[in-house]
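Please read the structure below before turning to the comments.
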Amino acid sequence: MTRSVGSGESVRLGFATVDIGREQRQGLPEVVYGPGKSAAEITAIVSVLLERSTGPVLVTRIDPGEADAVLASLGSGSYDRSARLLSWRPSPPDLGWRAAVVTAGTSDGAVADEASAIARAIGLDVTDIRDVGVAGLHRLLERVEELRAADVVVVVAGMEGALASVIGGLVAVPVIAVPTSTGYGAALEGVTALLAMLSSCAAGVTVVNIDSGFGAAMAAFRLTRTGARTRTDR
Amino acid sequence: MTRSVGSGESVRLGFATVDIGREQRQGLPEVVYGPGKSAAEITAIVSVLLERSTGPVLVTRIDPGEADAVLASLGSGSYDRSARLLSWRPSPPDLGWRAAVVTAGTSDGAVADEASAIARAIGLDVTDIRDVGVAGLHRLLERVEELRAADVVVVVAGMEGALASVIGGLVAVPVIAVPTSTGYGAALEGVTALLAMLSSCAAGVTVVNIDSGFGAAMAAFRLTRTGARTRTDR
Amino acid sequence: MTRSVGSGESVRLGFATVDIGREQRQGLPEVVYGPGKSAAEITAIVSVLLERSTGPVLVTRIDPGEADAVLASLGSGSYDRSARLLSWRPSPPDLGWRAAVVTAGTSDGAVADEASAIARAIGLDVTDIRDVGVAGLHRLLERVEELRAADVVVVVAGMEGALASVIGGLVAVPVIAVPTSTGYGAALEGVTALLAMLSSCAAGVTVVNIDSGFGAAMAAFRLTRTGARTRTDR
Amino acid sequence: MTRSVGSGESVRLGFATVDIGREQRQGLPEVVYGPGKSAAEITAIVSVLLERSTGPVLVTRIDPGEADAVLASLGSGSYDRSARLLSWRPSPPDLGWRAAVVTAGTSDGAVADEASAIARAIGLDVTDIRDVGVAGLHRLLERVEELRAADVVVVVAGMEGALASVIGGLVAVPVIAVPTSTGYGAALEGVTALLAMLSSCAAGVTVVNIDSGFGAAMAAFRLTRTGARTRTDR
Amino acid sequence: MTRSVGSGESVRLGFATVDIGREQRQGLPEVVYGPGKSAAEITAIVSVLLERSTGPVLVTRIDPGEADAVLASLGSGSYDRSARLLSWRPSPPDLGWRAAVVTAGTSDGAVADEASAIARAIGLDVTDIRDVGVAGLHRLLERVEELRAADVVVVVAGMEGALASVIGGLVAVPVIAVPTSTGYGAALEGVTALLAMLSSCAAGVTVVNIDSGFGAAMAAFRLTRTGARTRTDR
Amino acid sequence: MTRSVGSGESVRLGFATVDIGREQRQGLPEVVYGPGKSAAEITAIVSVLLERSTGPVLVTRIDPGEADAVLASLGSGSYDRSARLLSWRPSPPDLGWRAAVVTAGTSDGAVADEASAIARAIGLDVTDIRDVGVAGLHRLLERVEELRAADVVVVVAGMEGALASVIGGLVAVPVIAVPTSTGYGAALEGVTALLAMLSSCAAGVTVVNIDSGFGAAMAAFRLTRTGARTRTDR
Amino acid sequence: MTRSVGSGESVRLGFATVDIGREQRQGLPEVVYGPGKSAAEITAIVSVLLERSTGPVLVTRIDPGEADAVLASLGSGSYDRSARLLSWRPSPPDLGWRAAVVTAGTSDGAVADEASAIARAIGLDVTDIRDVGVAGLHRLLERVEELRAADVVVVVAGMEGALASVIGGLVAVPVIAVPTSTGYGAALEGVTALLAMLSSCAAGVTVVNIDSGFGAAMAAFRLTRTGARTRTDR
Amino acid sequence: MTRSVGSGESVRLGFATVDIGREQRQGLPEVVYGPGKSAAEITAIVSVLLERSTGPVLVTRIDPGEADAVLASLGSGSYDRSARLLSWRPSPPDLGWRAAVVTAGTSDGAVADEASAIARAIGLDVTDIRDVGVAGLHRLLERVEELRAADVVVVVAGMEGALASVIGGLVAVPVIAVPTSTGYGAALEGVTALLAMLSSCAAGVTVVNIDSGFGAAMAAFRLTRTGARTRTDR
């Protein structure tokens, strides 16, 4: 029966139902969202994923203390503190897909770190460009060639999020905008940047959730599912 | 008693209390907001203003039909259809203050028309720069010298309103941002542009109400109250 | 100077500044947004685009009456009434990129029509799948193979927008979610679907503005800028 | 006089007016909401309820420390830490009403724990199904028979809340949707899931407040007031 | 394959995919939402439903003109103008389930009419109680016995929606609250009543979408799927 | 039984339940809200009220055409077009309670007209003060003595609603603030004035719904229920 | 000059400008809002008020530690911990004005405590009625006579705030509704109760800010400015 | 190339791209926003700015501990605790531009402190006027001459923000309104004051972000870029 929706195997742990078929359906094992799970629960889920899949296994938004506990239990894996990411079996960067991860300001750095670290762990070739917001436009214009060399540009910006529109007008490839909660008052915890990016005058910019470096990296990965097939199937 | 708040004379018309002292306090007679007033009411108010003040008399946001009725009753005045503005005794443009009124897109034109027409009627020297939104950044960069020649830049933009931040970073003089209701969906009838402009990463940009070309022109006029004194008093 | 931001030629029409460089920068001439422009203005802009570029020229969200006036003035072009789209020089569908445009309900049809018509006009090969919302899940499951055959899936849904998450979990390729204003009350004119799609539990789904079939088609086109290079440059 | 609204007896404690008639009117004693009440106040209220009613007495959302103090004062009762529930005299599960409590993700577990614990305490027969969100649809489809065996399905989901619509389309019995505050950014602390569930394309899904496992359990209990009568009165 | 989600037959009409399996899965054929569909489309869908199912066929929110066109094409069916409902093959009211549909004010009448008409068409026995809002509480208290005689109470109220809480405290059976868009200003088109009902101090009240008499009737019908089984299976 | 909530008589008209006891409980017959009721329904309700009560009978927010129909059916009553109010048996202004109704601008006039007309019809002695908004503060300061002579001040203001705070600081008596939907953009249809008035720095200002001249008049009337007793009972 | 707005004396402390004229203008010295002021600042302001006025001096929302520091510095005054109120020279309760302060639930107690304590300190005769929310309506109906004996009723309620409407329909005198932040989720930190109270179907209910027991007490005090004059001046 | 947008030099520090050209473009070096940056990062950025520019170098919103670390590393600079501002090389106050910084209440003091301290550091001549909110209007009227002596008035107010409108009507020069998060409940963390100021009935008031003393000071500085030129160029 479960074949009707593709590779549908799953493992029930009581508190969780691990989706074993995801790697076959989507090219990557399920990524574990850390918040709200104990180290023991994470350890159990990661164990299943390591055993029942072959690709990179990731846990996002996990604090150092809990990360240490998981690493100790499993005896393997590595932790990236700035990205708050636990990883096992990262992909080699051989897919030939280049992502530029760009921030408007220094304080957008943590979200960009998450996007870059995950993108690298799942096999993308990442270029980081930081603090090139539109208040000093020449900082961005100096980097246009780097932006144009990418297959996909992830734009990470808070406050008014104007950088997404400006880059959207400068490059031809997919632009994935990540609004951040940087700013105060009228920035409304990232809602303003979110709405602004969705209303962008640059055609074809797409948007993921506030502060979701994870979402942007995964959206970038989806592109490779197309390109990969393009090169081989046709 | 009323001297305590400056030139406080007023004329009571029953449905309205005309503020006669405003010209002395602020340099311009009261500007009449058209909506919700009958042609007869507008005529009565304008008559008082023409009689009891000496500067330009303006009625904003008035439709052609009602404008015609007022013009017919009073036997003077002129109507600017694109700006929906009735005016009497416009100031000559001799104040030496230059305002640039810039739009992001063609559909922001009506709001810019109101800003420009009022600014001209109250004595500013206005340069119009249209449709230089950030999706095609070179259109703006071609005009930077014109922007820098102004004493104040009024930026009229809807959707994500990014143009205000970009210009805010390019010029040193006051930037007055006017969010417009251009756009749909997440543009939220101008609220998104408003919030974005308030959250601008360019320091010292100020903002007026959505679609308020009038507010921007009046804010620009306030600058002249400072400059004028600067040249004469000090 | 304008070379600093790429092919930056522009043509000033007074009411508009046509971005001539966009075709070189992004692979397509500027697409004209119809609302708020007169037939004469649209005719003038389209004339410039036809003369100064070589690819498809499009005007979106234009009503039949105004479309007829433009077509009459220019003596060429065609109008798609359901998509409210004027077009000249549509691309042949030879890029080898397949897009599936899927709706949750019949009333999402108009937005999907816009997405499909634009996508076809700019050279994508489009499959339409209609009315497969999650209240009758088997309707969607019957079409999984068609979805998986696409390079990109555009999901058009109003109300709670759940279809985007379900499809996001079923396919590996990019999923571009278009929230629609279908529904009433708590659907908040599409804001609920928008927020829901942004909060999707399916990783890597990206979102465009409410009712923006145009935005989805353009985002899909950006994918081809990557893939095209992939096939030739590497 | 108070008979006019049914069994209206009450006990005044100064800081509270305990509704003694509720058990007769609605089949259960008043359930005590813990937050904002001291252990002494809770003890006093519970004492009254134990004395003046016969059914289960419950205190919700109470932390371990305060729970211990209440248990110590009263010398009876038990505490469920995951559900944060104090209870006395739980009903035996003999009503013959089966409720399925289903979550979309692991982090919705705490709300589901509250729903399940209260439902059990008031006599429902509960089946827990966890972490079957729509990103891995087969996990849900594997459980359809279990869902269809229930008299009522409580769906606990945060983020975009899509699970409620999918289940709403799969089962015929009442579906009570509980939005949770799981997620971040556009999830708006559960408001997005709430709005999405209210806008569900699956007909006849009903919704309770965000994170209100309590509300869902009580709504499920109301069903038994109908069924119970059905079996006996007709 | 489609058997995995129950009776999954469907009929593709191009613009729509009619869910034929719904009657078997949920006890009623798909109900057609009228807005945004042409008379021809509605006629086509209704024809399929009449042919491939046996229960009541309904079209909601349809205006008189369009309703006449559909009735003329099909040569059967009847139209309820106050409920804006087209129906064929209504169920006989023999299920033994009694619903009370109660309004707070006269202006909530149209929503209540929709709820009552649909509920009757699908076999419920409906009692209408109108205009018993809490500003004149005695009007409600006079009707308490009627309310308590029902198996389910649908409470239709706009403005502050207080009636749902009051009734929720008076009856033991399920209370389905329908917020309406009655009121102005702070009533926010029904959002205030919606939020208020979700925040009800009466435990176990559930809520459907604003103005959704349809949703309430369908939620009431779901109760019968439980009760019906209860009486026969156990 | 209904005596438990005071004079609880009511008359059931099917579409309405007229609260006959309201005059005894609150000093005035029920006021009829016009929107959403047909002329026939209004006529029926007014007939009952005229027959079963003795005080003023009012219908609010009724358009001229419908008002004429009601007046024709009943053969009595009068209509105030600016206040959109139908009335029968207005009270004589002999209660000795003076209300000042003040507006910030001319466009707040319609709401003030409703407040004044109803207040007069129910026996208050009303002074109208119009267009004394804070942009020309001296206009207000000229009227302070008139304000201080009132027993209650109703402040009607849109946009930022600042007038309520200023008057709240100038007078000692009750200030009832009525936000209006005057303004545009950030005025948010009156929500901004509403929030501002609720956040007033002047202590003890109270607020009614947006545009609710009716609510203010009724709140003013409630004061007389206190004062009247004060003068007689003590 | 300052006489133009009444008794306008003030004392400048650098960080504050104490309004000495308020007692003469409004019958009470300025009430000090505690948050954001140091004990030293509060001490300085209170000293001025004690010296330059004769009535009660109050500081609201002050924590025990800071209150102790102020009391120690000044050597007089008393602190009410539940109301978080510091007071000097409370008025004797001889004004003959009776206020009922009513809560819907136990958790609304703190706001009611503030209202009651301030009302008593400024000379009102207060009756406290607690925990009579509409989920157990008989608790309220038992107290109707007490409510009707008051000159003004302050209704303190969170969640859906229905109690204000019910009481508004039961009593004739002014009803001042205080929404509280009690509740969670859809209660939106008190916004829902606020909107609901403003949309009340009971005519003439007025509303103050969320959790503002202070605002309600001051609004009640304003009533006495009317009544007091009524008894003496006329 | 970067000359196309003015003096565009920049220094890349990896985590930041310091905009060296800003001093030439806008008259002041980049101001550093403190939050989210480590003391080491701030030290590095400040070092670059001190070396590569000549004007005042500022770091805003920095806490004492971090400020001490930066000061220790650099061996120069000074810290203003109330304004939370680090500064090096403040401008002498010789520009001849006078700014009045006015607050409505004592609790708006911190925001005003930031505005004043920055304004002074960048060369404006600042007058502080505190606690003159409209509830005691005479406090403001006593200061009108001081207000009128300024070239620009910064109005800092929370709650309903009415002070901006009142001052906007009293002075002719630019008024920059700074909404603050002072207040609670309906004040919505400053959003209410923000919306109110944007909706001001006083023409030409402009607004900056909530709590942004920094934004107001920078907007005031922009005025000097106009005036300075006025005096020298014309």
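Order of writing sets the chain letters: A, B, C, D, E, F, G and H. Residues in each chain are counted from 1.
In this section, a residue touches a chain if its C-beta (ideal position, glycine included) is under 8 Å from a C-beta of that chain, and two chains touch if they have at least 3 such contacts.
Predicted model, so just to flag it, every value in this text is computed and none were measured.
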Sort out for me whether A-H or D-E is joined by the greater number of C-beta contact pairs. D-E
Chain pair repeating E-G, as identified from A-D, D-E or C-D when over half of the contact pairs by residue number coincide: C-D
Please work out the Cα centroid separation of chain A and chain G, and write it as a whole number of Å. 52
In whole angstrom, how far does the Cα centroid of chain B sit from the Cα centroid of chain C? 37
Residues of chain B touching 2+ other chains? 1-2, 4-6, 105, 135-137, 141, 169-170, 185-187, 191, 194, 198-199, 203, 209-210
Where on chain E does chain G make contact in their complex? 104-105, 133-137, 159-162, 165-166, 168-170, 183, 185-188, 191-203
So, in the complex, the side of chain D touching chain A is made of residues 105-107, 109, 130-132, 135-139, 141-142, 182, 184-187
Given the complex with chain A, which residues does chain C contribute to the contact? 4-6, 25-27, 31, 96, 141, 144, 151-152, 169-176, 194, 198-199, 203-210, 214-215, 217-223, 225-227, 229-231, 234
Which positions of chain B touch chain F when the two form their complex? 1-2, 4-6, 8-10, 14-17, 19, 21-22, 30, 33, 35-37, 41, 179, 181, 190-191, 194, 209-212
